[in-house]
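Each chain carries a letter (A, B, C, D, E and F) given by its place in the written order, and its residues are counted from 1.
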Amino acid sequence: MSIVAADTAWVLISSALVLFMLPGLALFYGGMVRRKNVLSSMMHSFVAMGIIAVEWVIIGYSLAFGTGNWFIGGFEHVFLRGIDLYSTSGTIPTYAFIVFQGMFAIITPALISGAIVGRIKFKSYIAFVALWGLIVYAPVCHWVWGGGFLTGEALDFAGGTVVHITSGISALALLVFLGKRKGYGLDAIKPHNVTFTLLGVGLLWFGWFGFNAGSALAADEVAGLAFITTFIAPAAAGLSWMAAEWTHSGKPTALGFATGILAGLVAITPGAGFVTPMAALLIGLIAGIVCYWAVMLKGKLGYDDSLDVFGVHGAGGITGALLTGVFASVGATGLLLGNSHQLLLQLEGVVITIIYASVCTILIGFVLDRTMGLKVTESEENIGLDKTCHGETAYNI
Amino acid sequence: MSIVAADTAWVLISSALVLFMLPGLALFYGGMVRRKNVLSSMMHSFVAMGIIAVEWVIIGYSLAFGTGNWFIGGFEHVFLRGIDLYSTSGTIPTYAFIVFQGMFAIITPALISGAIVGRIKFKSYIAFVALWGLIVYAPVCHWVWGGGFLTGEALDFAGGTVVHITSGISALALLVFLGKRKGYGLDAIKPHNVTFTLLGVGLLWFGWFGFNAGSALAADEVAGLAFITTFIAPAAAGLSWMAAEWTHSGKPTALGFATGILAGLVAITPGAGFVTPMAALLIGLIAGIVCYWAVMLKGKLGYDDSLDVFGVHGAGGITGALLTGVFASVGATGLLLGNSHQLLLQLEGVVITIIYASVCTILIGFVLDRTMGLKVTESEENIGLDKTCHGETAYNI
Amino acid sequence: MSIVAADTAWVLISSALVLFMLPGLALFYGGMVRRKNVLSSMMHSFVAMGIIAVEWVIIGYSLAFGTGNWFIGGFEHVFLRGIDLYSTSGTIPTYAFIVFQGMFAIITPALISGAIVGRIKFKSYIAFVALWGLIVYAPVCHWVWGGGFLTGEALDFAGGTVVHITSGISALALLVFLGKRKGYGLDAIKPHNVTFTLLGVGLLWFGWFGFNAGSALAADEVAGLAFITTFIAPAAAGLSWMAAEWTHSGKPTALGFATGILAGLVAITPGAGFVTPMAALLIGLIAGIVCYWAVMLKGKLGYDDSLDVFGVHGAGGITGALLTGVFASVGATGLLLGNSHQLLLQLEGVVITIIYASVCTILIGFVLDRTMGLKVTESEENIGLDKTCHGETAYNI
Amino acid sequence: MPMKYVIAIIRPERLDAVKRELQEVEVNRLTVTSVSGYGAQKGHLEVYRALEYEVNLLEKIKLDIAVNDEFLEPTIEAIQRGAKTNDKGEIGDGKIFVLPLEDVIRISTGEIGSGAI
Amino acid sequence: MPMKYVIAIIRPERLDAVKRELQEVEVNRLTVTSVSGYGAQKGHLEVYRALEYEVNLLEKIKLDIAVNDEFLEPTIEAIQRGAKTNDKGEIGDGKIFVLPLEDVIRISTGEIGSGAI
Amino acid sequence: MPMKYVIAIIRPERLDAVKRELQEVEVNRLTVTSVSGYGAQKGHLEVYRALEYEVNLLEKIKLDIAVNDEFLEPTIEAIQRGAKTNDKGEIGDGKIFVLPLEDVIRISTGEIGSGAI
């Protein structure tokens, strides 16, 4: 089958948009850490672009999208064997498909890094990302999108499960080894530059249009739908988060509004092309509130998910996956249309992913902790990772 | 009629580009205020994304583009009723059209915020934006683009009148209630971070290609024309502003060059798809100088349009609207081709919009001032709105 | 021939992406200079947008792409004469082609500015850029892409020679007149804001997809290939630079990783649409190491190419041009496929460009130095160019 | 020596007022530093991301003013007038420290002592 | 006058510890400034872009603490305890300077002298 | 006590020169703070967005240098040499303040007094 130029253009530009989410994430996270860790935190996003891009074309793509079995793809496309200029995937060149999917493989582990800022060894982070990409991301991606056992069962338009639940849960799991930052709970560890965080969420929203609407893999009506839902849900979630915060803690912070937008982006991801704009409005409103309280919970439970990866991506991803099962009405039917089975399928997808991601992450974490060690020394943490891991300071005169 | 995939791709990516102008605007404005108001100023842009996106799909779109009458659209598309996946507008899905137009509805009130930084209550700003979107934006948009009485009369390719004149004039009108910042005219209230402002104008220019060339609503020759004019005019305006400033005040500032680029972007907006590239060059050169002097005028008149919304969007929008009537030659004819009637129509559009926008803004301002109050207290202004309205500080250690 | 809408959409969005590289470059460079020169440095990129955009439509395009002779195009398209809404270039409107090519004409001289930050007069920089665009860029562009004597000979998919070798070499040549910054070699002149530099490279990578994949001038398989190679090579180069730095100097800096990404982007530019993804992987790995050592060389040779324009663009461009001659296998054949002639052609292109660019740059520099003077006074350099050339400071309270 | 080195810690938002008051009494040379401080002004709890913290380091402005003895009183009074949030004065309005100053040299002219202040 | 103006230069990463130690001895008013400094702590070579530099200006934190004489000893000892990188102490741990303080005025109340500290 | 606490306010662009001059006279310990100041150097009008302002707060650098008495003279002279814009000296070149210093403690070693400087 030959390619459709318009679909190709759309998937290519969408791929560029998703790549652009990485600097966006780097800013979003980097703004929230202290000055002494900002480069370290940004490097978590940047180095993922290096590591996973290379890993993806060498083996990741093959494991995720090779034919394989119910669990994982095969080795047939290792080093992109068997693919050339004229290979197609649907109406686009396979190269375009590989690159688009590769962007998702990059951002997912990078998301995790928000939980563990300021205390993970750089070397170990690299190893973690590389292993996690193979052991967690590639299989789950294969299950849901690559022909594995969830393909065609659980609805996941653009990665609510594959991207956000895996990363949100793994973030929590990794805390088993990395614990809290020094001084957590004693001193306020405040964002060193909230303007970065705002700008970051701007880049993320912009890029997310590629993430969600690009997942239609064609410039068609579904892309249009996924686009408008990705427009509405984050707006609604920003507002509902703000409302929750305003009433609960007295002031509507900019950081909160930005986080709310992100929560809405996460929550609409699995259903972007399956629900109506008005369902997106509801999903957004709900996600803003759910994630607000998920983040508040942290205070009670006392773990240091530093930049709230679980509170936003975990909670938001689960909320979105389940609500997709409720509201699906375009090209699929959910609970509200009488199909309660879909909600069960969604739940199944969520539960399996949670178990798989957390178990694997703990295993990877355990091995790395015993071999390379995961956590920096107390004195390195005090001085800050920019200086101790990277030998530089972000700001100079 | 079925959609054209290439046009859909083009309008979708253009929509994303226009959304991206909001973080751009947040940076542009945020860089120009003092440290203590930067988050407040950025939130003016961000919260508009929340408020208007939701308002637009609930009712704004229907009011602007519903059939209605000469003055305003109807309620037929409230909550996007009557639109589904397969609805089309021209050659693109209606969902794509809604979202593209929604981006314009967002940025317009956000532009106003530049005039009133550092002294408006956040709650009242939210109310203002919501009301203004319904009372000013929706009708004017309906007049010019939605089938109202100016449709097909006044030329406005991408919003010189609908976006820039409405916002530029409303900014002035709002000053009636908000007055000057404390210390204005006594101390230099300088931009806290000019690099943000430069980056912001970079994002704005980038996004403006979607704004103008996307307004062709198709990936066709007219899009190509609108793109190249949006390339030339801001370049020319940046240079002519710089020349004016260099000769008048002795140094070519970066802030000035950036503002000049913005002036060129504003001025080419109404004519982008109607004039030749060489006309765009002239429009840019003229706009840079006109807006430079419009900003200088402020010093004489003594009002505190803090970030020069009128000087740039008002003056630039009027200049552009009129020059479109002079230079129009592609798909329309202007004065230079002997059609002086068009210039009259342009003038009519400008005058009516100025009157309507200023009257309505004053009414809205009056009501809000009496009910919620518009201006913060002197002590809140002194401390800065980041702390007093949002309970946070942008920069921490 | 009529246009193809999808190709038009693709080239237009690619043009916007390339324009977006200018703010990216401004950040990349601006972050690396000291606080006192940041606006000056950013203005080098921004003012190039003004100067060259105007120059390009007035005469540059005609000189580069007019019919002309083996050396240079003619004056037939001065002021875009002879081109209208319906003119086409391949499958896209000529206006789109002009704008896309114009973006390349802008970024090339802007790249040079990194070598000479903190000591060039703004007025002279403007003159330099304008002259260089006519005397160096337009002819070389004509040779390689516009029908000149290298067209169809040397392979240069997206500007390895036209953009990177010309700018990298001219940067060195200009140092003849501008020498070192005061204190170079005595005090560490450190980047004032590495986060800007990281963000800048994020913008550059994002924009580079338009630069390289847009150079296919169609949304086709070749665009897909150029896209994926532009995905892989910088990732690989970032990693190999990091590896080189980590082993050689002990720490993997964020600045280094960012520079490595840039090196990979540069090196894949000439071959993006001619080599396979796996060749791109190799090119990236090689480029990261070559450029790392090219930068290290500076320390030995003692010239002050302040932000390493030669080390990255010069060395990377040469590496890429030659490796294209080695690895070319898609729509062209290189050394590995037995065509050693291609490598010779590449070498020829490289050598001629190096000679031409350096001779012309020295001539331009000589004339400007004698007439306007190129270098600021020592006291201006001490105080910083932001204050002395632009009358402003980037950061205020 | 008849000179003092006055160090005042004030609220950032009072800087303009203090400057104006000082100009009134013809003290128009000073040096400004951004600092942060804590003192009696406490108990300001802040919730950040689900945890409550006592925020103790608050942004302040430090003024260094070298004066001849006869200017000491007016200087202190001017600072007090400008720095008070309101007539009563609020916790956190700041402090003034007076240190002995032995000598002053004006770099440009080489002047020394009282005349150089 | 029985008061002193203590200026301490410490490592940024020790600020929290010093603050805690000071609170132990009930010195809970101070002013913090970001400074950079050089001193005995040298020889730290850095390679930046192919050139070796001796980095001499290092980030430090400066504390200003006005105390009554009886608090001087405890204050100094507390700073020493908090500021030492380890038991031995390392070059670069910082210095404490003690200056005479003639007077203190608390702006909010107008209190003067020891009581105002 | 035979020690002084020298505070110098200089132009930012002279910092390198002053550092070099100080090293010449073997004063190689100091603390640097970014400050802003105003003084005799005035009348510098700036137009910002259509309005004229008298810019009075200019960026300066503050140096804190604790010295033993015998180093005082050379220190002051070195600063003067390095800080002058040109031979005549210009308004705005800065000031040097000399304060009495009662005691010094080096944190790492616990050394006290002159030897600890």
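The rule is simple: a residue touches a chain if its C-beta (ideal position, glycine included) is under 8 Å from a C-beta of that chain, and two chains touch if they have at least 3 such contacts.
As the structure is a prediction and not an experimental result, all values here were calculated from the model.
Just to note, of C-E and A-B, the chains joined by more C-beta pairs in contact are A-B. Centre-to-centre separation of subunit C and subunit F, using mean CA positions: 44 Å. Averaging C-alpha coordinates per chain places the centre of subunit B 33 Å away from that of subunit C. Each chain gets one centre point, the mean of its Cα atoms, and the points for subunit C and subunit D are 51 Å apart. Those residues of subunit E in touch with two or more other chains are numbered 33-34, 36, 46, 99-100. In subunit C, the residues that touch at least two other chains are 4-6, 9, 13, 187, 190, 249, 391, 393, 397. Looking at which chains touch one another, you get A-B, A-C, A-D, A-E, B-C, B-D, B-F, C-E, C-F, D-E, D-F, E-F. Every residue of subunit B that touches subunit D in the complex is listed here, in rising order: 36, 183, 186-187, 379, 382-384, 391, 393, 397. On the subunit B side of its complex with subunit C, the touching residues are 4-7, 9-10, 13, 17, 34-35, 190-195, 198-199, 202-203, 205-206, 209-210, 213, 218-225, 227-228, 231-232, 235-236, 238-239, 242, 249-255, 257-258, 261, 276-278, 281, 330. Within the complex formed with subunit E, the residues of subunit F that make contact are 5, 28-33, 64, 66, 99-110, 116. Residues of subunit F that touch subunit D in their complex: 4, 7-10, 33-40, 57, 60, 62, 76, 79-80, 83-84, 88-100.
Residues of subunit F touching subunit B in their complex: 46-53, 55.
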